[in-house]
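A, B and C are the chain letters, set down in written order, and residue numbers restart from 1 in every chain.
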């Protein structure tokens, strides 16, 4: 049977990490399953977890008084959700909710932070992966922001 | 070749009228030499030109071609500023059939002959043939003139387009001796040979050939502006972010005068004209200019939004992209855009700066 | 056609409202219309309003209908939206260079579309699906504003369900009820398996989106000359006579609208060029 370290090694976000590094951080993770519509994290709540998506889809939503709930992004297998665990003040800027049944490895944010602080080489490695992911999200968000396809009306 | 007196030349113009040509040539109008329907050649007119400057002058001599170039071009007769392509009546499209008669252009200069051939490439030698242009072009009899003098704005020598006519005119004249002019006449086409034979004229001797050549050489020597073409295409495409575009944009009014007097500019737009009485719609084509906002309009807005990008579009098209598109430069060195620019922008000066690294 | 500047009036088979601002106009091809290749466009004419360049969105094999999917943004396109079975529309065409569908045979095809850019891509799908065995994987990455702005949704999903194509349809924003993807279409290129040596990519959408998409495809190792984009410029005549659609050395109407990315990438970086 696969353990958490094996599962992490198969995930794009952790691809290429040394086996000893993987077993070190695997200790912070547990498997979890979320049902459709189930909340993974509430907007504004404490960001104590990194969700490593193995299967299913997670929607990121923002709530606007005038316009109600809006999906601004979706994340699928191969993605991670919850990068705020690494950046103070460790708060969720959006709501994360399962669209379909979602299988994740739920990583304890504080546990990961402690390991990064204790081993700065690991910290740097993870920070690079977080930065790459953020860059991709930032580029995508810039394009969405431009509303290229016309007037945004919902 | 033969030689004519001024009287024989005037008789030739009359002959063209008698032969049922619509005779188009120099007409003094609005203080300038313009081109239009002409009875007889005006005598003794010249011009004085500089950047943003044109004055009609009296030469006090007997020249028929003592002027250089005015704001008119022959383009207006082959590619009219406005024409209806088709009309819609009773739910049917009616193409406008233009059946042009015979026309004679009198006094086409070397740079203008080159410009006509540039537009031939645009309208006749691409994937599609512009039928209206073709029909008009086939009906034109061209009496070209080698220049015996140059304006200060001329630079035909920069691209080897003049001052001697190099293109496919029906006949070529050289005017010699301004006080009592005579003309060296070279009839090239069969039509020209037949028409010239009706006027007669003595064969030109070696001395006369020599004098005619000297007159053209003198024109070439008067040309001071330069626009070296070697490497120009690449230099301009490499200079798309040159600060000089901002500099020229600070002076350019985006008025489009340069494009309207240019003998090769071919941009056009279309317009619907609806007659509310007859319920007829006319689909018209009008000259356009790349200096207008609407020229580059797309659903996302105008691409050439600012003067900087419009001037850049005009100059890089004329002097660079044209070579890719038509295998020839879009500029024949007539200098009209220099004279008729209200703020005196001189493309030869702009190019010189653009060629240097900022 | 004897004179490429004179349209022919054709009857309207029908009109379909696709989204709040996009409609599909189905015309009876004019007599002698020689068919079109995916990516080509027609000039559509409404007497009194004028002409507009409209890409053809129908099946190239269907010689009974000439289908255009149009976003109503200007005078002409708004007038086109009023056309129905009782009225006529002038047509000239087809014009322009098509998508290089043949070049994709024997390998993977990646199509990236944004907004109304989906319209000229549907003929590519029709053509490729008519000859499905000649292609390996066909991916469609399509971005729209919102779920109700998605064009041809039923048809695309049907092709996806059949396994004929792998379609990823994403929107910029959605209500919580939307179960599909949300996010910029360019962000999805990283998620599909790409075989860089044997893939042809075709991109159509706003220029910024095409640049981002191309740069993602380049990261995946697809050579620049196997990435194709469809450029939009003002087109009045479609015959390289009117000068409006210039892009550096090119006339978009004649040399495009489909270009190799390697031929236009540098110019796309120059502002207002």
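Simple rule for what comes next: a residue touches a chain if its C-beta (ideal position, glycine included) is under 8 Å from a C-beta of that chain, and two chains touch if they have at least 3 such contacts.
Remember, predicted model here, so these are calculated numbers, not experimental data.
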Exercise. What's the chain with its C-alpha centre farthest out from chain B?
Worked result: A
Problem set entry | Geometric centre: closest chain by C-alpha means | C
Exercise. If you average the Cα atoms of chain A and of chain C to get two centres, how far apart are those centres in Å?
Worked result: 35
Exercise. Using CA atom averages as chain centres, what separation in Å is found between chain B and chain C?
Worked result: 40
Exercise. From the C-alpha centre of chain A to that of chain B, how far is it in Å?
Worked result: 67
Problem set entry | Residues of chain C touching at least two other chains | 71, 206
Seminar exercise, completed: In their shared complex, chain C is touched by residues of chain A numbered 57, 59-61, 68-74, 76, 78, 97, 99-100, 136-137, 139-141, 143-144, 146-150, 152-154
Seminar exercise, completed: So, in the complex, the side of chain C touching chain A is made of residues 20-21, 71, 114-116, 143-146, 149, 170, 172-176, 178-187, 190-191, 205-206, 208-209, 212
Problem set entry | Complex interface listing, chain C residues touching chain B | 2-9, 45, 47-51, 71, 73-74, 88, 90, 206, 232-234, 236-237, 239-244, 246, 248-251, 254, 270-273
Seminar exercise, completed: chain C partner, complex, touching residues on chain B are 85-86, 88, 91-93, 95, 122-123, 126-128, 130-131, 237, 240-241, 265-272, 274, 281, 283, 288, 290, 294-300, 303-306, 308-309, 312-313, 316-317, 320-321, 324-325
